[in-house]
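Both complexes below contain chain A, partnered by chain B and then by chain C.
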Partner chain A sequence: MIPYCKYQQGIHTEIYHPNNIKPISVFSDIISTVEFNHTGELLATGDKGGRVVIFQREQESKNQPHRRGEYNVYSTFQSHEPEFDYLKSLEIEEKINKIRWLPQQNAAYFLLSTNDKTVKLWKVSERDKRPEGYNLKDEDGRLRDPSMITMLRVPVLRPMDLMVEATPRRVFANAHTYHINSISVNSDYETYMSADDLRINLWNFEITNQSFNIVDIKPANMEELTEVITAAEFHPHHCNTFVYSSSKGTIRLCDMRASALCDRHSKFFEEPEDPSNRSFFSEIISSISDVKFSHSGRYIMTRDYLTIKVWDLNMENRPIETYQVHDYLRSKLCSLYENDCIFDKFECVWNGSDSVIMTGSYNNFFRMFDRNTKRDVTLEASRENSKPRAILKPRKVCVGGKRRKDEISVDSLDFSKKILHTAWHPSENIIAVAATNNLYIFQDKVN
Partner chain B sequence: MLAKGVKRPHGEMEGGDLEPRDPGAAPASSLFNISMVKLHQSLRHVEPNLRHLVLVANTLRRMQDQMQREAGGPMAPDSPEALSVVDSPAPVSDLRDSGLEPCRQPPSDSQGDDLLLSSMDSSISTILEDLGQVEVLSPTRPEEEQPLAGASGARQEPARTSAPCLGPLELLSSASYLLEDGLEDIFEDIDTSMYDCDLWSPTSLSGFKAFSSAEDSDSKALAGAEDRLDMSDLDYLMDVLVGGHAL
Partner chain C sequence: MEFRLEAHRIVSISLGKIYSARGQRGGLKLHKNLLVSLVLRSARRVYLGEPGGECGLPPRPRDPPPPDCERLRRGGYRPLGSEAAARGRVECPAESPRKRSAVERGQAAGSPGKKPRREAEPSPPQEDMETGNVASLISIFGSSFSGLLGKERGAAEASEPGQVCCEQPVLRSLNPWSTAIVAF
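Up next, the complex of A and B:
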């Protein structure tokens, strides 16, 4: 529990965006997940050390219009600790793989956070009053001598400095043999699913000692294993429908009404391989690292190593849109395989109106694609380029030939600076970008 | 990605250090070596990153298929399935740059190819079979032994140089991660979701000691101190287990 205060260490409060921008960078462990809540008032980050940091948007104030909607630290807590599995003699990482918010139903906030093995439900609530005037103990909590008590008084609630406390309400453990890669809250708000490499389990929020297995792709003989689950998500409106993606570049849509074990998909999305682009690495670069439903529920977006694809749920044989994220890497696949970068799992996000999609790349670049105008832009999340209220300049990667002044050549890209996690405010043009251990928040400035 | 204590091999680089001399091409044998190294590193973890493992293994299989095709028909460069670029001009620059020109080995080397292929074949099969064989350790799954024995027998025959890169024992110890079904069967009669306090009472201490120590005589000799040690271990374990269920 920490008292409500502004985060002191390492904050820039400058503003920039494609038109006018504002980043906040925070120093912490390597950030491993970023997620806005359903109103956009809160932004949660999880890191490699098992910590969760929640930012809250400041209320707009007429006195300080330039500080409109800044995000400040609201709560910090240790969600997961490193664990030791005695049976297998291995340490379970405390890194937070995913955070998902529950919709707000009362004054408290609830979120799910997960590491490789265990999902936890956290309650984050405020306390701004405390009882005073106990009879049997004094203000410090020490017991009073009963013989000294001469009169009774009724304890009253008095205001206190705001305290934000996070408490674990449920722990969903021992259901995953393999590493959890996704969690998704169902639109019924009563259930959620957790997916690991080979299985997907359905949970009820109230029941922690039992879950239903709804997808199991583990082969009878492990030597036949050729495909793993890479991501999974519930449909935003239909509580019986979910999708999961695979390492072979396929997406399966399943209907839980059809059978208890959803091993047979209702729909199967796969784009045929382009024969002119075949290589040893075809499968690796087709492996889907993230899948997201659009807010409307009509489309799904998938991210593989080089592209983003948008699929119409009614058309399974090919995507309706394909966007090249960093096609200049296609000729570098061999080296990227050697240094394991080819296995990086980039996430992708929709904006609130499903008109713009965003994903990360290397060199702290991230890309946005406007689905309507077909325009795209490359931006950089970097402290060097940040000035108060500076406008973020579009970046360009030079593929060959003469390099222009502001361009960067492919060979100069820093592959250790990767933006894997981004988030978009549900209704406004505010984005959160995690660049290793720095968090940048960009927003449109309105004059 | 790396197991503790494992030295990063020379081939792995981090940062923007892409090979300057040649954008993408690498000989198949070196790609194969890199892949085998990755596979073994993956398996050294108690719980390997399954996605990484599967993708590398599939890539190795692709290389194997490619090399088999190359060895089978070095005189057929127009084969529609050939992945490598031999004589075709420009538009397949993508192919070339993505490291496919490997297999330009002279025909005289076909013997070497055969050996490489067969050892690759047996290596990948052996490794993946052993991943599956760990499940055979469970006594309640006898039906799995039959097909596995049959499969491994069939696979071992065509290998002329049976030189698997990892001994099966090494793999078994590192692949115990995949033993989960066997474990479930072994402990089938124990309800692990609600730990009974009686199970951990001092009266059952001897059972716990048999599980954890090798020599009965030794443990009896050190009974006093070990009892205390085991009790605190038990308490700690109990706290961990019960603590996990606190709401």
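Up next, the complex of A and C:
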């Protein structure tokens, strides 16, 4: 067990569960994406059933200082429905693959949500007043007989119970032949991109019937297909720059100023393969499942099946840091191939200051790595461990030999309990962890 | 020949995944099936004992490269393909191929090719059939996606005519998969 000093800077000191919140289980479906908005006030989740649930952080009040900003349900809506592609005789899943927030520009909130084929822009707004005193209709909405109206009055706005409504403002459809895996909002706030297995398209938020194709790696002959796009993201500050990762473990950085079609990369990040680690499954485990720019824009982080790598944009030939997430699985790859776990796509996130990175694992474990102190911790998201105000205890996986008390052996891990999606508040030490159909929110301890 | 056993097992698992992928909700997952086909290719190379690096591929990181590999590389050992295909010919009505395969099996008592079959026997009879089909499929597959599509016909023609009629049912069941890929 790694001891933690209470006031140590860097990785959270002690993470514990906010008081009186059990895991937020409003989901009957598996959570498929989690995302904080730019201020951290809102937390959006998407699930396999096509629903989006948004949580809002409570305002801190002087009366109840111990209720330091809990997250409560703010809005729920059905974003996508199952569809049927008649031409190909294929069902299109309603599962929400990704949600991305737009920065707030007025009182309403905007987010993008996508399933395999269609991206939608949703407006989430509050209504807390309602007009009363119309002339031509009565309070129930029934039209009045005009001949009965003898005087005019001005309708007034009266307060009402807060209502949060979500309306679809744009639907961006029919632009992807393959399954969409990523969406990313550009820092110009006017455009965004959507990426599927073989192509990346650039959209303007205002225009739904056109998009520009900016990357196309489809070979002329599909028999020659050797790699697919697995994730893509815009640079946080440079609106002309984006990266995309591939199933071969490579990352390409592209500059949209160079040409209209960014098939030729500006930078190519690849680490030479370690020949001593070769196996039948080398190609699968090197496939990158997620790529994220640091908030600074200086680094990118990639997640493959067993590791997280941090790359400096200025150095293409190898990552500057590599973290082992669950290397004890390396000897189990054949079984993991058999039960399909080897295809699980884990995501990874930076904290607000880019000093800590986090990702999920199996058995409802998730891992945090402090880049400065090089310390790491394994924590578990489970009901049994989440009593109010309880401090999360670091967990340890025993890889062989004598198992100590409190350690869990590799063979006892539950591979059906996987944490694929996590999110970190943009400025505070608050994390959201999706464990199948349970959402856990953990906060740093504050005295 | 542990590595060949492992390769054989991986090939059958991979084929199972490809077949079941066709019925999946949401359509064929290109990424996953590409990865499965890459594993299939590596396992096939090892199973057929093809030279070119994979022969020294350890199934697990700690195992040393099997000594048989050296023998395969040095000697002019013929790939197992034809023998495997011969086993697959069991269902074929032609007399001579069956006799030949029986003779070959007798001759190959100590050969690595026989062991996977023996190992498969304790499993239910359906799996035995699959083992035979798998072995013939291994000979069909080329080294890339193309192995799943047009090229296998060329390979079949190059080998004995007796093989073709048996491979047909297997090819036919492959076709929906290959059609799906082409439709992309």
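Convention: the second predicted complex is superposed on the first by the 420 of 447 C-alpha atoms of A that agree within 3 Å, B and C clash if a C-alpha of one lies under 4 Å from a C-alpha of the other, contacts with A are read in each partner's own complex, and residues count from 1 in each chain.
Assume contacts are C-beta pairs under 8 Å (C-beta built on N, C-alpha and C of every residue); 3 or more make two chains touch, one makes a residue touch a chain.
Model, not experiment: these values are computed from the prediction.
After the alignment on chain A, I want to confirm one thing: do chain B and chain C clash, or do they fit together?
Clash: chain B and chain C overlap once superposed on chain A.
A:35 contacts which: chain B (first), chain C (second), both, neither?
neither
By the touch definition at the top of the document, which applies to A:47: first (chain B), second (chain C), both, or neither?
Touch partners of A:47: none, neither chain B nor chain C.
Just to be sure I read the superposition right, which of the two partners does A:247 touch: chain B = first, chain C = second, or both, or neither?
Both partners, chain B and chain C.
Contacts for A:284 in the overlay, against chain B (first) and chain C (second): which applies, first, second, both or neither?
Touch partners of A:284: chain B and chain C.
Touching A:223 in the superposition: chain B (first), chain C (second), both, neither?
It touches chain B and chain C both.
Is A:171 touching the first partner chain B, the second partner chain C, both, or neither of them?
In the superposed model, A:171 contacts chain B only, not chain C.
Considering only the touch criterion stated at the top, classify A:70 as touching first (chain B), second (chain C), both, or neither.
neither
Can you list the residues of chain A that touch chain B in one structure and chain C in the other?
After superposing on chain A, chain A residues 88, 90, 177-179, 197-198, 222-228, 230, 247, 276-281, 283-284, 287, 330-331, 334, 337-338, 340, 343 contact both chain B and chain C.
Sort out for me which residues of chain A touch chain B in the complex.
83, 86-90, 118, 169-171, 173-174, 177-179, 197-198, 208-210, 220-228, 230, 247, 276-284, 287, 330-340, 343, 363, 410-416
Could you pull out which chain B residues touch chain A in their complex?
Within the complex, chain B touches chain A at residues 1, 11-20, 23-26, 31, 34, 38, 46-47, 49-52, 54-55, 57-59, 62-63, 66, 83, 91-92, 94-95, 97-100, 125, 128-129, 131-132, 134-135, 144, 147-148, 151, 176-178, 180, 183, 192-194, 237, 240, 244-247.
Applying the document's contact rule, which stretches of chain A touch chain C when the two form their complex?
Residues of chain A touching chain C: 85, 88, 90-93, 95, 116, 177-179, 181, 197-198, 222-228, 230, 247, 276-281, 283-284, 287, 330-331, 334, 337-338, 340, 343.
Sort out for me which residues of chain C touch chain A in the complex.
So the residues of chain C in touch with chain A come to 6-7, 9-10, 13, 17, 25-27, 29-32, 34-35, 38-39, 42-43, 46, 57-62, 144-146, 148-149, 181-184.
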